[in-house]
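The two complexes that follow have subunit A in common; it is paired with subunit B in the first and with subunit C in the second.
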Partner chain A sequence: MISLFFSALIYASLALCVLLSYRVAKVVNLSFGSIFTLGGYLSVFSLFITPIFGAWIGLLLHIGSKRMDASKATIFSLGIAIAIEEALRILFRVENILLDSRIFYFFGYKLVFEHFLASMISATFLILFLAFELKKPFSRLKLKVIEEDIENAELYGIDAEKARAIVLVISSAFFCSIGGLYLSGRVISPTIGWLYMIFSLFIATIANVFREKAYILLLPTSFGVCWLV
Partner chain B sequence: MIGKLKAGLIVGLIVFLLFCATPPQTPTPQPQMPEIKIGVLVPKTGEFSSAGLVMENAAKLAEKHAKEMGYNVKVIIYDCGDKPETTKTAFLSLVREGVTAIVGTYSSPQAMTAADTANESKVVFVASVASADLESKVKTGNKYVFRNAYNTSYWGILAIEFLEKTKAKSYYLIGYEPLKTFNLGMFSLIKNSTKAEFRGESWVKSPTVSPEDYKRVAQEVAKKDVEVIIVGDPGLGSVDFVREYRLAGGNATIYSVGGTLALPDILAKLNISGIAFQAAALEVKAKTNLTKKYFEDYRKYYGTEANNYAGILTYDAILIVTQAAARGGDLISNLERGTFIGAAGVYEFDENHQAKWGSEKLQGTIGIYREGKIQVVS
Partner chain C sequence: MLVSIAIRILVLVLLILPVFLDCYTKLLAASALTLAIFTVSWLYLEKDLGWASLGHSIPFGVSAYLFAINPLLLFFSPLTTFLLFPLSIFGKHTFPFASFVFSVFLWYLAHHIVFEGKGGEEGFRAPSINLDLIYLISVTILILSCLLIWKISNSYFGLKVKAVRDDEIAAKAIGINSLPFKVFGFAISCSLASIAGILHAAIFGHVSPGVFSPYFSLFPFVAATIGQGKIWSSILGSYTVVFLSWFLSPYVPEFHYAIYAVALILASYTQSYARSDRSV
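What follows is the complex of A and B.
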């Protein structure tokens, strides 16, 4: 049950990134899967560089797709995903890398330390976002206007492009960091991140049905989906 | 008279010199040999893409080694994905390339589709990984399909052999849903042929449906009192399962169908004792003069340990087709009657076009990782 809860926390935070990219940046960011994998490969060198590389790819995606419509931006993100995947194949050559991990005892449960850390970071990320949602009505209103119509948002003087850049940079950095931690102890291949992205996309799609309540209901949705499947 | 003698001597000298100048006959293939084009179906994308990469590497290595042996071979690799439909499309594309034969595919449904497409397009197909019931295709008149990989029975035979050698009293089966056809066939044979007590079975869902399902199964199985756990997943998930099983307190010996859990570097890094696995060949137990060459060159060119099932059998399938095609004439007759050397042993095909695994010169190997090294069980 405890590992189910930790997994649900991680998927809820990943789904939050997917949902924000879709609603604010207007892109179904298909590069998340490869960014997640990249995090795993970068963790071979250092976990601290994962958010930097993730943020850099998010910025690249923003710059490359800011003048595109939603469908073209999505295809562009797929292009980035394939480019990362191929780069990993060329740079690392080997087909199987088993990442190091440490064992950790949590109230008598044996856990992988890096997975525990990923859950704690995810919980913090979710709490911070919900605090932003609930405690800052003006910022929340700005976000809502951008979600509904970018052109309207710009008419109201909201810098939608800046919001888009922030969302893509933070969500990509987050995906890359969690990839670095959550893939610890696993055998990784250049395509492994797709599984996690698809699962997060699935949770985000269900949560999106609840419209305004989507962000708040992400964690229960994630827990429900993890428990069901 | 002297003039004639001189002329005779000169002619004789010229003939002698010409004879000396003639290059010695090379025993095998002539440089003028027509090109043998071999298509390889590899799951580069989809659920089996990690196996696809090792198959691709092995195929390129086979081409290189065949050329070194003097064969004029060209290997053409196509992505067959993880579904029967994508396999059929890739197969037909290779047919349009004018290949002599096609080898590869991964899962059973893919191999069954490739076998049917081979019959329709009249191009030989050699299944190098899947264990599907291809023999029934041959029995019903499809003479274009061969298999150098194990059939389901042989997978079961090796697992039973392991249970008997280790005198295990009980066992538990862990199936992998994307490979259900293969796992069910193997499990059924084990259940019907071993004296060890069957303690139940669980199935791990496809990671695309549930990436964490191995955790559920590992925690569930760790509570069972059992001596041997037979794992039917040759992919990356098997490593996750083993790690999670040990974390959950399980201590049974794990017998894996091989693949990722049979790679020496993975076993060494994982460093969990009591992991047994089957392999078509192991470097420590050379079967032919190609065994060592395969493992050494794979390490040299790809910087990692060679895969000893999907990789080595794809490598062998290419060499089998090359040797058969180089003999000239009808490829099917050559495959049916010939003997072919590969890295995993010496191949011959039975009347159902199945490689004779279990024969004297072609046998699988069982290894176990214990106390930091791989020991050969049989």
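What follows is the complex of A and C.
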């Protein structure tokens, strides 16, 4: 049960990134899966470099696709995803790598420390975003206008490009860090991230049906889907 | 014009030459040939109907699996249309990604398909057919596919399909009911992709979950991008990807993915998708 709760937390936060990319950056970011895998491979060296690399890829994605419409930007993100996968194959040569992990006991439950850390970071990320969502500060309202109509937002003087860059950088950095932590203790291959990306996309798609309440309902949706699976 | 003729001659040479070569080269050429049929099926859906699928491995892989489980099931392969067609409810802009995501989902699901104690990650053994025979069948099917598409495309019926592609609302206004034309177009494309999948299974005598992988999902898109959306050039594009991949993979692991990445990134700058999203 505790592992189900932790998984739900992680997938809800990943789905939040997917949803933000879709609504604010207007791109179904298919490179998230590969960024997640990249985090796993980078964790062989150090966990601290994972968000930096993730952020760089997010920035690259923003710069490369800022003048594109949604379809083209998504195709571009798919190209980036496959480029990352191929780079991992070339750099690591060995297809499968077993990542180290540390075991610890939490109220009598045997847990992987890195997975626990990933769920705590995810919980913090979710709480911070929910606070942002519920308190509705001025920046949240700006984000909402961008979500509804990007052209209108620009007409009102909102810097939509900056918001897009921030969303892509933060979400990519987050995916990469969580990948570094959550893939610990597993045998990883360059294609492992697709599964996590598809699962997050699935949760985000269900939550997106609830329109206004999508962000708030991400966690219950994730919990329901994880429980069903 | 000269380039076009040169490409056609080159394709014909590529089709005939392997007959006189060794078994290994013939196997490689047969693989490229089935993927060329696969590309032609994709190209019809994209060019005449305006739906760019990034999950064309769905009819390809499902048919290969059906053939491997029981060869008699191959008669059900045109029904794979009803796996891909419902995804068109997402609209032309989202369809490529919906189909891609669905194909990746099937890729994972295929690892769990077990029938009579066989299958799973290892996949199924498919009935193997003599390589010379299957090569000749494949060449015939490729030529027939091109003729079929050319014939449909230039017919009165094909014009109606193109009218639906360009503007569904306008087509409806002049009395064209778009649904049967869309279903027909999807059925033609999925049937050809299914034939390619069955040939692929028969050539290698084995089907694994890899038939749903991004290698197959994105292959026609990449080959068509290399061929700039023209049938003969795209067939040549299929041969280019297969041959480059086989020859360079010992030096660069899974080299085809490098070609895919470059093609996708370049395509996002140069090509346009979803010609018209005005639907009824």
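In the analysis below, the second predicted complex is superposed on the first by the 227 of 229 C-alpha atoms of A that agree within 3 Å, B and C clash if a C-alpha of one lies under 4 Å from a C-alpha of the other, contacts with A are read in each partner's own complex, and residues count from 1 in each chain.
As a working rule, a contact is a pair of C-beta atoms (placed from the backbone, for glycine too) under 8 Å apart; a residue touches a chain by one contact, two chains touch by 3 or more.
Please read these numbers as outputs of a predicted model, since none were measured by experiment.
*Asks:* Please tell me, clash or fit, for subunit B and subunit C sharing subunit A in the overlay.
*Replies:* With subunit A as the common anchor, subunit B and subunit C collide in the superposed model.
*Asks:* Taking the superposition on A as described, I'd like to know which of subunit B and subunit C A:Val112 touches: first, second, both or neither.
*Replies:* So A:Val112 only meets subunit B here.
*Asks:* Touching A:Arg186 in the superposition: subunit B (first), subunit C (second), both, neither?
*Replies:* First partner only.
*Asks:* Quick check on the superposed pair: does A:Val27 touch subunit B, subunit C, both, or neither? Answer first, second, both or neither.
*Replies:* Neither partner.
*Asks:* After the superposition on A, what does A:Leu16 contact: first (subunit B), second (subunit C), both or neither?
*Replies:* Neither: A:Leu16 stays clear of subunit B and subunit C.
*Asks:* Which partner does A:Ala73 contact after superposing on A: first (subunit B), second (subunit C), both, neither?
*Replies:* second
*Asks:* Applying the touch criterion given at the start, work out whether A:Ile198 contacts subunit B, subunit C, both or neither, answering first, second, both or neither.
*Replies:* both
*Asks:* Once the shared chain is lined up, is A:Ala83 touching subunit B (first), subunit C (second), both, or neither of them?
*Replies:* second
*Asks:* Considering only the touch criterion stated at the top, classify A:Val145 as touching first (subunit B), second (subunit C), both, or neither.
*Replies:* Once the two structures are laid over each other on A, A:Val145 reaches no partner at all.
*Asks:* Can you tell which stretch of subunit B collides with subunit C among 21-29, 111-119, 147-155 or 345-353?
*Replies:* Among 21-29, 111-119, 147-155 or 345-353, the clash with subunit C belongs to 111-119.
*Asks:* Please identify the positions on subunit A that touch both subunit B and subunit C, taking each partner from its own complex.
*Replies:* Shared contact residues on subunit A: 89, 93, 95, 191, 194-195, 198.
*Asks:* Touching subunit A in the complex: which residues of subunit C?
*Replies:* 54, 93-94, 96-97, 100-101, 104-105, 107-108, 213-214, 218, 252-254, 257-258, 260-265, 267-269, 273-274
*Asks:* Under the touch definition given earlier, write down the residues of subunit A that touch subunit C in their complex.
*Replies:* So the residues of subunit A touching subunit C come out as 28, 30, 64-65, 68, 70-76, 78-80, 82-83, 85-86, 89-90, 93, 95, 191, 194-195, 198, 201.
*Asks:* Under the touch definition given earlier, write down the residues of subunit A that touch subunit B in their complex.
*Replies:* Interface residues on the subunit A side: 3, 7, 89, 93-96, 98, 101, 103, 110-112, 185-189, 191-192, 194-196, 198-199, 226, 229.
*Asks:* Give every residue of subunit B touching subunit A within the complex, in rising order.
*Replies:* 45, 49-50, 53-54, 57, 205, 207-213, 215, 219, 236, 239-240, 243, 247-249, 260, 263, 265-266, 269-270, 302-304, 307
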